[in-house]
Amino acid sequence: MFYHIKELQYRAKPERPDPVYARKLQEVLGGQYGEMSVMMQYLFQGFNCRAEQKYRDMLLDIGTEEIGHVEMLCTMIAQLLDGAPAAELDAAAQDPLLAAVLGGTNPQHLIVSGMGAAPTDSNGYPWNSKYIISSGNLLADFRANLNAESQGLVQVVRLYEQTTDPGIRDMLSFMISRDILHQNQWKAAIAEIEQMEGVIAPASFPRELTVEPATRQFLNLSEGEESSEGSWASGPLPDGTGHFEYVSKPVPQGGAPTLAQPADHQHSTLGSGPYIVNKGMESL
Amino acid sequence: MFYHIKELQYRAKPERPDPVYARKLQEVLGGQYGEMSVMMQYLFQGFNCRAEQKYRDMLLDIGTEEIGHVEMLCTMIAQLLDGAPAAELDAAAQDPLLAAVLGGTNPQHLIVSGMGAAPTDSNGYPWNSKYIISSGNLLADFRANLNAESQGLVQVVRLYEQTTDPGIRDMLSFMISRDILHQNQWKAAIAEIEQMEGVIAPASFPRELTVEPATRQFLNLSEGEESSEGSWASGPLPDGTGHFEYVSKPVPQGGAPTLAQPADHQHSTLGSGPYIVNKGMESL
Amino acid sequence: MFYHIKELQYRAKPERPDPVYARKLQEVLGGQYGEMSVMMQYLFQGFNCRAEQKYRDMLLDIGTEEIGHVEMLCTMIAQLLDGAPAAELDAAAQDPLLAAVLGGTNPQHLIVSGMGAAPTDSNGYPWNSKYIISSGNLLADFRANLNAESQGLVQVVRLYEQTTDPGIRDMLSFMISRDILHQNQWKAAIAEIEQMEGVIAPASFPRELTVEPATRQFLNLSEGEESSEGSWASGPLPDGTGHFEYVSKPVPQGGAPTLAQPADHQHSTLGSGPYIVNKGMESL
Amino acid sequence: MFYHIKELQYRAKPERPDPVYARKLQEVLGGQYGEMSVMMQYLFQGFNCRAEQKYRDMLLDIGTEEIGHVEMLCTMIAQLLDGAPAAELDAAAQDPLLAAVLGGTNPQHLIVSGMGAAPTDSNGYPWNSKYIISSGNLLADFRANLNAESQGLVQVVRLYEQTTDPGIRDMLSFMISRDILHQNQWKAAIAEIEQMEGVIAPASFPRELTVEPATRQFLNLSEGEESSEGSWASGPLPDGTGHFEYVSKPVPQGGAPTLAQPADHQHSTLGSGPYIVNKGMESL
Amino acid sequence: MFYHIKELQYRAKPERPDPVYARKLQEVLGGQYGEMSVMMQYLFQGFNCRAEQKYRDMLLDIGTEEIGHVEMLCTMIAQLLDGAPAAELDAAAQDPLLAAVLGGTNPQHLIVSGMGAAPTDSNGYPWNSKYIISSGNLLADFRANLNAESQGLVQVVRLYEQTTDPGIRDMLSFMISRDILHQNQWKAAIAEIEQMEGVIAPASFPRELTVEPATRQFLNLSEGEESSEGSWASGPLPDGTGHFEYVSKPVPQGGAPTLAQPADHQHSTLGSGPYIVNKGMESL
Amino acid sequence: MFYHIKELQYRAKPERPDPVYARKLQEVLGGQYGEMSVMMQYLFQGFNCRAEQKYRDMLLDIGTEEIGHVEMLCTMIAQLLDGAPAAELDAAAQDPLLAAVLGGTNPQHLIVSGMGAAPTDSNGYPWNSKYIISSGNLLADFRANLNAESQGLVQVVRLYEQTTDPGIRDMLSFMISRDILHQNQWKAAIAEIEQMEGVIAPASFPRELTVEPATRQFLNLSEGEESSEGSWASGPLPDGTGHFEYVSKPVPQGGAPTLAQPADHQHSTLGSGPYIVNKGMESL
């Protein structure tokens, strides 16, 4: 069960309105790697958590914090939209700034959401739950979380570069700081699990059931050998089971596939004249 | 530029048809973490790569391999669908096996795709490109890749548990082996980048512009203190900048937000009687 | 069965082209609350209607009218796009107006739809049928319809503010008028059903099976008591079963959840070493 | 800012696992009118609220409660999935119950979400934010909310009919009770706004700018006159501006549309031989 | 403007309910190539038509007919759902037929749409407007239409095979007949346009601006020469400009791409230490 | 199995950066009819192909070529984005060109994809697999392919008109040339299949099971007779079974539909007082 308090976790007040930036900021609210994504990802991982209590608790702590980040971003976006004009084209002919505003804003901010934040990305594409994952395997999920915080931080830093408004930068500094913390934290949690279970997720599939050479061979499927220069092509395997092997000219191991003729009841090509297979149930 | 050869990378031949399993196998072909996702993710990261050649080459090597995995899964699914009946309900009344088949198959395999693989997940939801990311930041992207291989492997292992067909298991063993390799390889590549740039993605945001306490405080936003027990709440920060601090009772740092009155031209609540703001351009 | 006549229901002719406005107008054609939505919602409710004939007839009357509104909007948009230039960037450097046009138009109008209307919203997001509902419960559905006409009218009024073209305003005036009528009409139809069945949809769930206090308690889940000031926190319940009760400090009524250990065949965390559960069918 | 406590708002414990019902219950978690929808709709309306404080507070109170409902449903679904077998087809041949389970379950519960709840509907379709609206016009939005609670309650009552498990019914009874309260509450809030602003949303468009007859005429666009029998075809208009008028044989008021020739640079039909319009910028 | 009459274009009455078949029939109502697709595709092409009147008229004639096909399918589906039980799992243990029904039905028919048709495909995926195209180029669009009728007919014939209910087959026979007519008709219309404009869509791009060899060379990008056996590898080009040329060993014509270093403000890999590019506007 | 070589199939190098054009070019990369669509459509048709080897081989040849086209477009887009500024609004006030850039670019190029190509269309809408079809019926599928190449070519020609950059035009000329070839080739392949099977897809449905008049009657469902003037309304049927018949005043052949009362367990309108149908299993 959840409670709300009226104060924001951190300040979210721009120095001046900026409807073009409001559109951009939507990316880290409702985009693929925005705050709605981490909020929902951590909450679902927490609600579904079957591991020991400290994991569930931690997931819900951070998920709950992220609801507050969504709140801050919505608040910021609403203020950035203050004063956005219900303008039309003729006026823009006189004014490059207005032209830029007209072109660069999201029309839905003025038509649909009443100068409020929308649950969409910077191109108006709606948030959807295929952005998130809760698999029940904590190592896999914590890697998803580390990825989400990494992609998210890259985007927030880029947005920081795209404004000099001190109020926006103040809020973004805070969000950058939390993303840095959260990267550190998922790194720590991952290390804790890898310590117990090893580095492959899931840990539990028996190695004797694998195709052993395939677990260590890097396949060079392009001409040229540049890819042999990396740590992924030689040296020890991080899971401690041996060494990478670089295969310069890989060859196929499966034969050429041959599919059976299409079933008659599918009326696929190449058919052989008019018929109905299923005249009644007798033909089953 | 790409070339194709007719042989498969590895065998993909089931012992017997199984249209219910064909539906399930769609998950790792066209689902959120299926082979289409890693194929497209690595290809786009490779095509967009601005870093040194060995990264681009490696990304395209593995992306090219994944096209071949999509090929293997399609081939397998088409064979699992061989013999799927164009059945109807009455027959199922006599036969629990047929009832299970009817209920558990994907009707689109028989109506839309002509007993071939579909570019969708196990519930018929189409693959879409919001499953993938190519950000230009290799550390963030390699974490996305490690996550994708981890989630993917968890799913393939679960699917391995859901069949005993030797032919399917043979192919899944190979895919499991490659996923193990790929996890190892992204681990190695990540270690290489972290060695150079540090563990935070992106590495380049100046620490003096952060809100420093926010970069180390774990906020306990739920009652109870279980979340304090993890490596994310005390001990050294993985990025080497200090130690985690556990905040048992976090308080808000931003005030309560107040938004301005709605603009008149928005006709939002609470309005004050009939009017048009924009009578012509004079009102701008 | 349907018939078409060539005349439009009402005039749809702009005074001059305006490709930026054409993009905006897409919102009320193919957006979440555009004319495609009410057209399809009323038609599906009509086709599925199991209530007395007058409801089905009315739903199909209005749904049929809405097909004609889609026709009017497409006609208007096609004319607004007349003369849109196949321009490029250099020219825009000389001309703020062209810059605004370039920035504010939908590129798909010139690349995909051949200067015709697209079945999308103002950001190019395609119309989809999750915008609509046909539940079989007329009270619920008429509320959906009243909502659709309310949201739609708010948007059309906002669009009216964003142009001064007399031809566009003429058409929008007509659409505003019909939306006003339709709001009135769904209000009347709702009142008719509520008269017969009461105000809760559906009417038929037995009250003795409810958790009675939960049917009247407003829960104040935030600090502060502002929410107690509304008609939703005290006074009579609109369904006539008693009075609202304001609960200032709500407490949870369910215990803390504990989920079972993850099933071994899921290979979730925390696993305990290599194994396969389903060796063959014997383990089921 | 938000806090979490570990106890659930109400009990969520089934008497026994039921993976088929778990799939169905997803509809009111992540479906078009599920709890994720009302949670996100009320939170966004609250965050964006520019009206007096009591409305914002109330919206966030209820939105916060709905986060807890999402938590309850996730908890219930995870328990319903306990014991779901990693079965295969052969076993189903012996056992109709297993056949039904196989056919009726969501394969993603066993492959993707690790026997946890998924943020999707009963067919595995992901939740997306086009299910929700926050327009800034409270009358329109409260009607959206009343609609959401009405559609949601109809669905929960139907789900109540589809199980006899006392634990599930206990939780559903609570949810039904809250939906009844919320319908009452939005009814009350709507009445409060209509009292101030009138029944048309938005209230502020000047009537003299409408096409007056169109604001009162019901158009009979189908043969037959059944639709004339309802309260929408005669009697007073709910907004108090006059009476409905029933038009038995409506005629078009706009002429037949004629669109201009396609622009040459579009290469549409009918073209007139090979050319490039835009040879360089001189042709603009 | 449109009118509706109450009679259906053709009979749509099943002999008996069949909720499993109702789910399947959704494919040709709301699927990728269902009746909603052709209805909307023809209407949009008609509304946007800038060619001579006979094309617009024809498009709207057929589009209007398709609205009536949507009506017939909805009517059929509603009747197939009559008598669908609000069952639960225990009963299925005794009854394979009920098990099949449970597994094979769409739960949303009983939870969401009140035993009415849904605007979705057979897996519950919503119809969306990216299924359709209206490009303004009639040759391209008529090919889209011929494709839609071809894919649609293949699906309807497959569905015909999957039932023996005389009422369903009666309706499907009619739809099959119309699809046959429509294939003939688009064939005729395409021939008419190709007669005037040639076989390449669009006709108007000057041949001297092409890369000439690329307009006739078939590239054999796989090992083996089977693809050389078809009419696409030798013989005359259908557009009359020469002959196909089979290239057995194609070589690349573009060099290896090299992308520039990432911009510093992107904070991509490999970065060079902490910095902010955009300190204020001076850095632009 | 696939191989990659580092050279591009053809040159892809713009003369100068142009981030606005980069956005537009996304349409033919990741849009409905972009290169990702043909690439995936041909690969899936090839992988699923059950017809003779020459068809499979040809489909995979062309599908493999299209992967290389995706590569070329990504390479081009990345270069067009070089030098895109991390600008903000104030600067735009001084500079119409910058205003146009700001307004006309895709913000995700600078926030999400690190100045690389995105797998989306020109409005940021993600590619999804419902753009493609693989039905198993070659005639239907080759028509889908001809349609895809026709729509695609229309779009590329329009894009050619929207730039004068010699480098972009060079690459587009090559793509236009390949699209011309591919239209020719699908025309040839279709002619080959029609020769064998006739012009209706599928060929195999028995004519005696159709409703014969419906296979030849064009229905004039609008007022006016313009549609009678085309080759679709009189003259021979392309499939050789007779002649078109023009029906000036079509009448319905099915009666008015009547649906049964709603089932009580659905709690639809009009209900008759409080009840639960399914008290336990006895009521089934």
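Per-chain numbering from 1; labels A, B, C, D, E and F assigned in written order.
Here is the rule we go by: a residue touches a chain if its C-beta (ideal position, glycine included) is under 8 Å from a C-beta of that chain, and two chains touch if they have at least 3 such contacts.
Labels paired with UniProt names: A, B, C, D, E, F = Mn-containing catalase.
Nothing here was measured: the structure is a model prediction, and the numbers come from that model.
Chemist: Among the remaining chains, which ones contact both chain D (Mn-containing catalase) and chain E (Mn-containing catalase)?
Modeler: A, B, C, F
Chemist: Half is the threshold here, strictly exceeded: which of D-E, C-F or C-D has more than half of its contact pairs identical to A-B by residue number?
Modeler: C-D
Chemist: Quick check: more C-beta contact pairs at D-F or at B-E?
Modeler: Answer to which pair has more contacts is B-E.
Chemist: Once you find the CA centre of chain A (Mn-containing catalase) and the CA centre of chain F (Mn-containing catalase), what distance in Å lies between them?
Modeler: Whole-Å distance between the two chain centres: 27.
Chemist: Residue numbers in chain B (Mn-containing catalase) touching 2 or more other chains?
Modeler: Correct list: 1-9, 32-33, 48, 50, 57, 60-61, 64-65, 75, 78, 86-88, 96, 99-100, 102-104, 110, 112, 114-115, 123-126, 128, 130, 133, 135-137, 139, 154-155, 157-158, 160-162, 164, 202, 204-205, 209, 221-222, 224, 252, 259-260, 262, 265-268, 276-278, 281.
Chemist: Indicate which of the five shapes (line, ring, star, complete, other) describes how the chains touch one another.
Modeler: Its topology is that of a complete graph.
Chemist: Looking at the complex, which residues from chain C (Mn-containing catalase) come into contact with chain B (Mn-containing catalase)?
Modeler: It is residues 154, 157-158, 160-162, 164, 265-268, 276-281 of chain C (Mn-containing catalase) that touch chain B (Mn-containing catalase).
Chemist: In the complex of these two chains, what residues of chain F (Mn-containing catalase) are touching chain C (Mn-containing catalase)?
Modeler: These residues of chain F (Mn-containing catalase) touch chain C (Mn-containing catalase): 18, 20-21, 23-24, 27-28, 31-33, 96-97, 99-104, 121-125, 154-155, 158-159, 161-164, 221-224, 252, 259-262, 266-276.
Chemist: What does chain A (Mn-containing catalase) use to touch chain C (Mn-containing catalase) in their complex?
Modeler: Counting only chain A (Mn-containing catalase), the residues touching chain C (Mn-containing catalase) are 1-6, 48-52, 86-89, 92-96, 98-100, 102-104, 106-108, 110-112, 114, 123-126, 135-139, 193, 196-197, 202-207, 209.
Chemist: Can you list the chain E (Mn-containing catalase) residues touching chain C (Mn-containing catalase) in their complex?
Modeler: Touching chain C (Mn-containing catalase) from chain E (Mn-containing catalase) are residues 1-9, 30, 36, 40, 43-44, 47-48, 50, 57, 60-61, 63-65, 67-68, 70-71, 74-75, 78, 112-120, 126-130, 132-137.
Chemist: Enumerate the contact residues on chain A (Mn-containing catalase) facing chain B (Mn-containing catalase) in the complex.
Modeler: Touching chain B (Mn-containing catalase): residues 5-12, 32-33, 53-58, 60-62, 64-65, 72, 75, 78-79, 82-88, 90-91, 110, 114-115, 125, 128, 130-131, 133, 135, 137, 139-140, 143-144, 146-147, 150-151, 153-155, 157, 160, 173-174, 176-178, 180-181, 183-189, 191-192, 199-202, 204-205, 209-212, 214-222, 224, 226-227, 229-233, 235, 237-239, 244, 252-257, 259-260, 262-263, 265-266, 268, 277-278, 281, 284 of chain A (Mn-containing catalase).
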